[in-house]
Amino acid sequence: MKSRLASAWRSFWIATWLGWQIESNWTDPVLFAIYSIIKPLASAAILVVMYGVITGGRFREPIFPYIYLGNAFYIYVGSVMIGISWAVIDDREHYRTLKYIYVAPIFIPFYWLGRGVARFLTGSFAVFITLAAGMLFLHLPLNLAQANWPLFLLSLILGIVVLAFMGLILANVSLLVAHHFFLIGEAVAGALFLFSGAVFPLEVLPSWLRPLGFIMPITYWLELLRRALLPSGVKAFPTFASLSNEELLGIMLGLSVFFGFIAFASFKLCDFLARERGLIDRTTNY
Amino acid sequence: MSREWAIKTENLWRIYTVRGKRRQPKKEVIALRDVNLEIAKGELFGLLGPNGAGKTTLIKILATLLAPSSGRAWVAGFDVVRESHKIRPIINMVSGGEASGYGLLTVRENLWMFAQFYGISTSEANRRIEELLHRVGLTEWMHTKTSQLSTGMRQKMNVVRGFLTDPEILFLDEPTLGLDVNAARQIRQFIREWLEEHPGRTILLTTHYMQEAEELCDRVAIIDQGRIVACDSPASLKQRLRQEALFELEITHPQGLASEVLEAITGVHRALLAETDGGAKLKLALKDESALAEVIRTLTAHSVQVRHLTKKEPTLEDVFVELVGRPFEEVKEDEG
Amino acid sequence: MKAKATGWKLFLKTVIARAYPRIVAQQRERSWIFFDVFLSLLAVSAYVFIYRAIKAPEEYIGFVVLGGAMTAFWLNVLWSMSTQFYWEKETGNLPLYIISPAPKMAILLGMALGGIVGTSLRAATIILVGGILFKVRFSVANGLLLVLVFSLTLVALYGLGMMNASLFLLWGREAWHLASLAQEPIYLLSGFYFPIKSLGFWVAAVASLIPLTLGLDAMRQLLFPSGASLGFLDVRMESAILGVMSIVFIIAARLLLDYMEKIAIREGKLLEIQQ
């Protein structure tokens, strides 16, 4: 048991180091900073302009911080899922090291989780920049003194863990599919945008689609973050009004365990299939 | 430049600037130093040297992938920098250990695709593909996806890709790298036969397998640290060493005896000691054959027994050692 | 023995040959249909519901559907053409392309056309399914002009993509990240989901350098009754500008590809594997 834990830890921290080396050394620090600032702001700006065009710039309405905050933290969804799932394609097709990693005495799922840490860090920077820009230029009513920091930190950690498990599920799937030229993580994150209550309350969805939102852990995660940072703003959107913070946290915890189970179970299955079909060291780029 | 030469280089230099970590100063690496070569039409010309000698750099310059830092080079009479568009239709290149192509396509599809880039009609391409795959023993794999091929088969496919376009000048950069003995032999035989069937075609072959260069090449240039140290036919190169007597001795463990002690004996030009399982191998190049007796006396004085003694014909490896000053294996270790 | 093709025949052969791996691979590995087509429909739907949540006029839903469909072409240009040289360099195919007599533009065009099956399927799905699901009412004012605008937009866009691809001859991961950086700002400045006029005249004017900006604006004017009032410039003027852009970008792409190739060969960057 001890050696398995040691192996898992070793796999994780080595992969974290590697992931950071890969993510951080493609250019000089100035250009890296510019990239890290412009990308999230441009993404937020799309929603801001859409909102501004339709509402005539009424940024003090409660819906605007709902949208803005949800979109800001949704950055984590893309970055963590992409960071983890992309490592499979990158190692298999680009660096051709996946086969060597496989034969090493490491715990592969923890290796992939470690590879996602760098993107989590750059994602954190993007979230911070987006929130700061919102507070400075768009009157985002975030009162840091009144925020529920324990709830925020606990929710953030639980959310990242769930996202990591979801990213791991995608990584497992990536073992079996070809390298199409898009990013699977980005495609899935884009799709989940619809169901997670990130930029509109679930009530906006048709009634037959809403259940999908209620089984998404991201939905509860974003609700908890809004409650922690915008306690007054959340009251205008009663989707989860009947659930207390503790109940929401309990649901998040339960979903974390569920997705964790799926992640490791799917790894076993996809790993077996990939090895049976000889997919570990194939190249599929076209 | 007249077209009697297939390939010609004049005072060719290539210097790379190597970046380390961000705060470290850049380093210059000289890959080619003042290379002057003339390769005639119809020649199979070998470029022999250890890893990092500059062989691939030279091939890349001649294949119009890399510009020289200074000096000039011509392929089929065309300047590699200014007239690359005239060179490309008549050349091709095969590198050892290549991973090119698309894993989801079959062997035939990959080859057909590359043939199209040279303007070859589909019917002609298919005819050539079938013929060439048959000659390298890949016919039954024609419809197999390349991601399912072994390394050797993949390399054979790459070799076929190089010959498929019927180039006037072909660059083979370590084409048998990673192949087993039989596969490598098959490729070498194929190269020989192709040249016999296509007189006037030129091949520039780089290799670090001495035997391959001896077996195939009309002429060989030995390159080391970017510099051409010799250029002649394998026979003429070896002839240089026929003025010396070459011996190979199997001995017991040398017990601290150094090569320099033996080289100090009058008449000994070079002595190379290499430890083996259960003993050692001693290679001698003697200016005077009579020095052999003194060598054996010295060995005996150091309690070293001679188990076996052979008089050898010089090989290209011996030529290399003579010119470079150290064995091929030592050069590889230094680089490692 | 038949003489080898040269000139435009070689160009055509190269386009077909390079499109072939794409077309065949997409048949052999069909997972892209789920990820590229179905999931992107969901992503576009999210923007529809954003507009519903803020009670936008119904034609804005149509704008989102149209913009979402055109996203497919933009992503095809950006990721399956422009950045593909990066992968080709890493896998060792790029040197083989360069030493062949095949024109680079033909290789790029082949890549783009090879992906057009998937791209068109994605775009068509979004238009048809999105149009039906969200009850979008398209009202085609001038079908021929619409086809012309769409075609010119694509030609200019692919020309821009080829110019972008030339960067990958010289750079590797930096160019990759710059392409990634361009993705969202292009969505913003091209007005994928809203009329570009909303950004003000000068911003819209600068944004018009991107072919998609004027292309989308013109298509909105031709497809929606309120499009004309929300349009930036007159449709015919936008078509003319797109026509000029098409020619300029194609010529610029040709020059830039040759220029970047020369620099890359001089600096040894064609062979440099950027890990």
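Per-chain numbering from 1; labels A, B and C assigned in written order.
Quick note on the criterion: contacts are C-beta pairs under 8 Å (C-beta built on N, C-alpha and C of every residue); 3 or more make two chains touch, one makes a residue touch a chain.
Since this is a predicted model, take the numbers as computed values, not measurements.
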Touch-based graph of the chains, sorted into line, ring, star, complete or other: complete
Centroid comparison with chain A (C-alpha atoms), farthest chain: B
Chain ID, smallest distance between chain and overall C-alpha centroids: C
Distance from chain B to chain A - Cα centre to Cα centre, in angstrom: 51
Averaged-CA centre spacing for the pair chain C and chain B, given as whole angstrom: 45
Chain centre separation (chain A, chain C; CA means) in Å: 27
Chain A, residues touching no fewer than two other chains: 178, 283-286
Where chain C touches two or more other chains, by residue: 21, 25, 29, 91
Shared-contact residues (touching 2 or more other chains) in chain B: 99, 102, 104-105
Interfacial residue positions of chain B with respect to chain A in the complex: 22, 99, 102-105, 147-148
Chain B-facing residues of chain C, complex: 1-2, 4-6, 9-10, 13-14, 16-18, 20-21, 24-25, 28-29, 91-93, 95-102, 107, 265-266, 268, 270-271
Contact footprint of chain C on chain B as seen in their complex: 16, 60, 63-67, 81, 84-85, 88-89, 91-93, 95, 98-102, 104-105, 109, 112-114, 116-121, 123-124, 161
Residues of chain A touching chain C in the complex: 26-27, 31, 35, 38-39, 42-43, 45-47, 49-55, 63, 67, 93-95, 177-178, 180-182, 184, 187-188, 190-191, 193-195, 198-201, 204-205, 283-286
Touch list for chain A against partner chain B, complex: 28, 96, 178, 278, 282-286
